[in-house]
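Just so it is clear, A, B, C and D label the chains in written order, and each chain counts residues from 1 on its own.
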């Protein structure tokens, strides 16, 4: 059967899907819908997304009635009725769409479209609410598989790594080889069994015996590699999401911790786990570099806050939210045009002390306390002194 | 950290889990809870399950308020608030428990306990509501892997097959080999990536050129196997669930259809897909065998109905609900003590016509029409004539 | 093309194979020959083997001429001519037979027939000379793959282990499971890439913290397994060849040493590697048990020699030839009928001290010195004292 | 133990290896020898190779004596003695060297050195005689594994393909991808279990519906790929050896036939198997292009012969020797500088008709008859007419 070719036709199939009683039938309608959606242009897709919005909301009268019944007596039957009345039909629709072959991949892609559309159509938040809910249940930690990526990895996976490396662009295969093949480099990614060929997110790690002072020294393609057994430090210098449709489905948090645990088990002499991170928002916060860029960067990272108390800097929010501490400021670590433009060449390092991440996270989560290392403390005292 | 050792201690950890803000912390509390639960005896476990019931229901006043707000204006924010207010905290608790390593397996086992407890404590239905909901989202079709099980399969998987074969017991390894190794035998199972070593459900198939008239001829260990290329018929003679904790999470439906499609692709000359099935409820329905057992069995399967219109016979409900037709009655097909006891030795055959299962399912689902083959029609006319 | 069906027809194809100039043609004739041979009965096979004997010997006159030429001048060309003249055409024939698909397996089986036929036809030694030569070059150490065999091993491999266990028969699958699955049991086998499904030879190992005093305690199916980390000793209690056609192609020697090295790498606290071995020839050497069976067994193993100076006992020849030492005599270790019949219930233990096997081997190889442990020394002094 | 560091020291270890009686000891001496050899410079390696020559020849007097004994009576014992006396000790030495870990790889590399040295030292032919003999027995067809190489292949294998492609250089990874990833391209290689990561030889194939008229159209990186099912022709446009040390060990012959059989099984509508081949020796045979380059090329390929009757052109010798026919001459198929330089831009196509390769090979092997297709026949008549 050919897939529907207009937004209206796709939406009519969605109604049919909600009416179908057999899982076999549901699966074949779901394949038509996803095929039809894929065939539409941007405007057509947006029309479908809007059609999944308000018309598939829970019915207010039914919600009120079920709530009232639950208020009168808390029986399992009334709970079931309440959940049924409040569950958006859209959620059931999405669940049935997942019966199609390849639906996990298709729904991740649909969410990518949705996130784009959300900019113009905030009303689509209702669709995202349900879709994100389902994606979270499917991309749960227990189903993620950590795989090392190296020079024995199939070429097509490496090609995706090269394409998706967002932090420090990969220029060609020699460059890629320099990041995954030497004895003092590691790359790990999360994969999902329903999308086995697609890395979801990956992290690049340099094994060193001292904190690198520039990113260029890490990315250098012609280096003498450090023998594995001489490494004492694992520096996470890049983490990239490959699936825009999974934004907000937390993966990076677990990835860093699981990779750290894996490296610690393989190489017991590696005891320091830290990052080499950009300070992406510094130049947006101040107009010009201060006399002492390290002091300025420390002040920005620790004191520039959003209304909710979290730091302005998005990379800081990610690592501090994971329980890392702000350990070092590294002036002149990235003198590339991009590095100069966003932070006057300054980078920083967050440290993951596996024994304290839970505590660090807790104080950050409860009152937004940012734990800092002694070197940063000294800089902050300097800043305070001015 | 040692796991809690009393039901109260486990439940206190559950509260802590709901309070924890970091996923890392949640994961480690979750492991303690599941470890503690596993260490309890039956009574202790039941106390925990009850503690997950009423105390973790949605709060009526909050539900009513959110429903009313939604009734007044249908904004995404109010929808989110409604869903939050009606979602039982228990469901969030279960989701967080899933962060523990090995939690999929542990929660399937917990549901097995729950299903046992439900007999005495119908109030626990509220817990099952949420647990079944989560298991369905995790054991979704897209995540199931169909694997052929044969004589190259690892021994420990075969051992589980032997242990779990519920329809026709496996007596020893020779018997097992006779079911999976010959060229005219097939066995397939569904596996899940989070429980890779555990078959969830499996089906045994005999490839034949004619419908067997007795189950003994199928189970015979010393047979001349039919060359694969001479087979025209695939007879599903046994389907067994390995996970009691997944009752009600439909797997068998997809298994039969996917196995039929796989065999049809491998062996195009196999065009008939049918079962050799017990009539488990016949002797419970009538006291003694009729003069013509085939007529009696046909009448039972088609006419003995429950209040909801579905057949009394559970095997009939399963296959007819999948869109199969009741094709043949087979008197004297199972003269074993068990076969005599439940159906006076009579068995039957359901047929899956892949082109018509959707239609058959539809008429069954809408008005409980049971589609029958000509041989059964003739028997039913005989029954009517009396 | 159908394979030849008489010995003469097979031998005519052998001539054709020696005449064929293209490897493609050779491969297809080779398949016909091996297929034809397989189809013959024992007498027919023997006729073929005899046909491969004298008629395919090197031609004496040509040998003498080439030898004389080589004697006059040692040029590469004359060396090549010498080697060509002395190489039996039979060896080239066997090499070309190896072009057939599955020929490795077929030639191993052919040698099994040959070894049987040799008893009556010593003249066939000439065929064995060439066949053993080729088998040795194909079953060279570098091509053997050591695989652990456990409860995750495919059933059909386990079935062969059960069938081929020659030292202590496997009674059923429970018995087999008890030998490969517990944490304190190991089984390893050598496999060859051209016969990937066939173990060639395998060894059974018990991990213990003390030398077992009876074989029954090792074979017991209902035991409490020793936790892996508590084991300090690896006891090789059985080694079995699966391929009679590979007799004389040394595999066991490397197997024991490679398994010992593998275990030592996995479990560093295991530092003693020894055997629990039958004394297969004791009762054949003496008529009745001595007053002190341990003294008698020690005397037999060390002093009963063949004309070539090696011990009479074949198991002793194997282990001492490998560089093991005779470490312990174990009276009453095997009170089974077979154990009583061959050695009045006495067994012994050889020890592999990985640091000294080369030296032990050397003194054994040069002057047949048998290295013994202190316990055996004491027994021998006792024997001498009488 | 450290490896020997001078040629003399290496050669002394070789003597020790021939004296050693235990396989375990032999294995460890072998590792020292190969390690020592690897550590030498070119002159040192050559000194070792020379040391393996004459000094390890069979002893003339012993050869003559054994030949005479065999001449007098043809017993198995005398045959064994003859073979022992004529076998160069060098061959036993090489066999024992193979006991070292990684020896297959090391001996292939040693032969690469030997082939280079042979140019200056023809006397080393005696060493090559024995080494080639052993390599042939190890790289026998039954042990070779055919693997498809595509975009799922590990990067390091693809890197070797890119490096070793000798016929049409691979410029970068995009170029490589264009050769292995599209639906109408295939690449297959032979691998050996003792060198699992190393392709030995590989062939590149274009699936087409017509014979390409230029090599550029095949190598084009931005093409619309032909859907697999529309292909009727498999064009082998490149075959490259990766191991110089395996020269003279026939692999290419079987590779082409096995790949053709594999493609024929996968894609039954592909019925023509041919090559797009360079004419490497044309410009060396004639000084300038003729008026009609196709006529000239046909005449060269068919009529320009060596003393042994085989064609002058090495590529022609390879394919005709395999049983292919010379099917087409393709003027202007390779206007690249290299193509112009060696054959004035002309290429040709050999065709493998799987039903006739044996016959074609036979007439070529017996009287050097070259089978030609009608198009070439016409050109040859044109040539004759001048």
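To be clear about the criterion, a contact is a pair of C-beta atoms (placed from the backbone, for glycine too) under 8 Å apart; a residue touches a chain by one contact, two chains touch by 3 or more.
Note that the structure is a prediction, hence the values are computed from the model and not measured.
Q: Quick one: which chains contact subunit B and subunit C both?
A: Touching subunit B as well as subunit C, we find no chain at all.
Q: Give a one-word verdict, same or different, on whether subunit A and subunit D use largely identical residue numbers at their interface, taking over half shared as same.
A: Because over half of the interface numbers appear in both copies, subunit D and subunit A meet with the same residues.
Q: Quick check: how many Å separate the C-alpha centres of subunit A and subunit B?
A: 36
Q: Centroid of subunit B to centroid of subunit D, CA atoms only: how many Å?
A: 58
Q: Which integer distance in Å separates the CA centroid of subunit A from that of subunit D?
A: 51
Q: Have a look at which chains touch which and call the overall pattern line, ring, star, complete or other.
A: Contact pattern: a closed ring, each chain touching exactly two others.
Q: Kindly provide every pair of chains that touch.
A: Result of the pairwise touch check is A-B, A-D, B-C, C-D.
Q: Of all residues in subunit D, which touch subunit A in the complex?
A: 151-156, 158-159, 172-173, 177
Q: Which part of subunit C faces subunit D closely enough to touch in the complex?
A: For subunit C paired with subunit D, touching residues are 21-25, 27-28, 54, 57-58, 60-61, 63-64, 66-68, 70-71, 74, 76-77, 79-80, 82-83, 86, 88, 95, 98-99, 101-104, 122-123, 125-126, 129, 134, 137-138, 140-143, 145, 193-194, 250, 253-254, 257, 322-323, 357-358, 361-362, 365-366.
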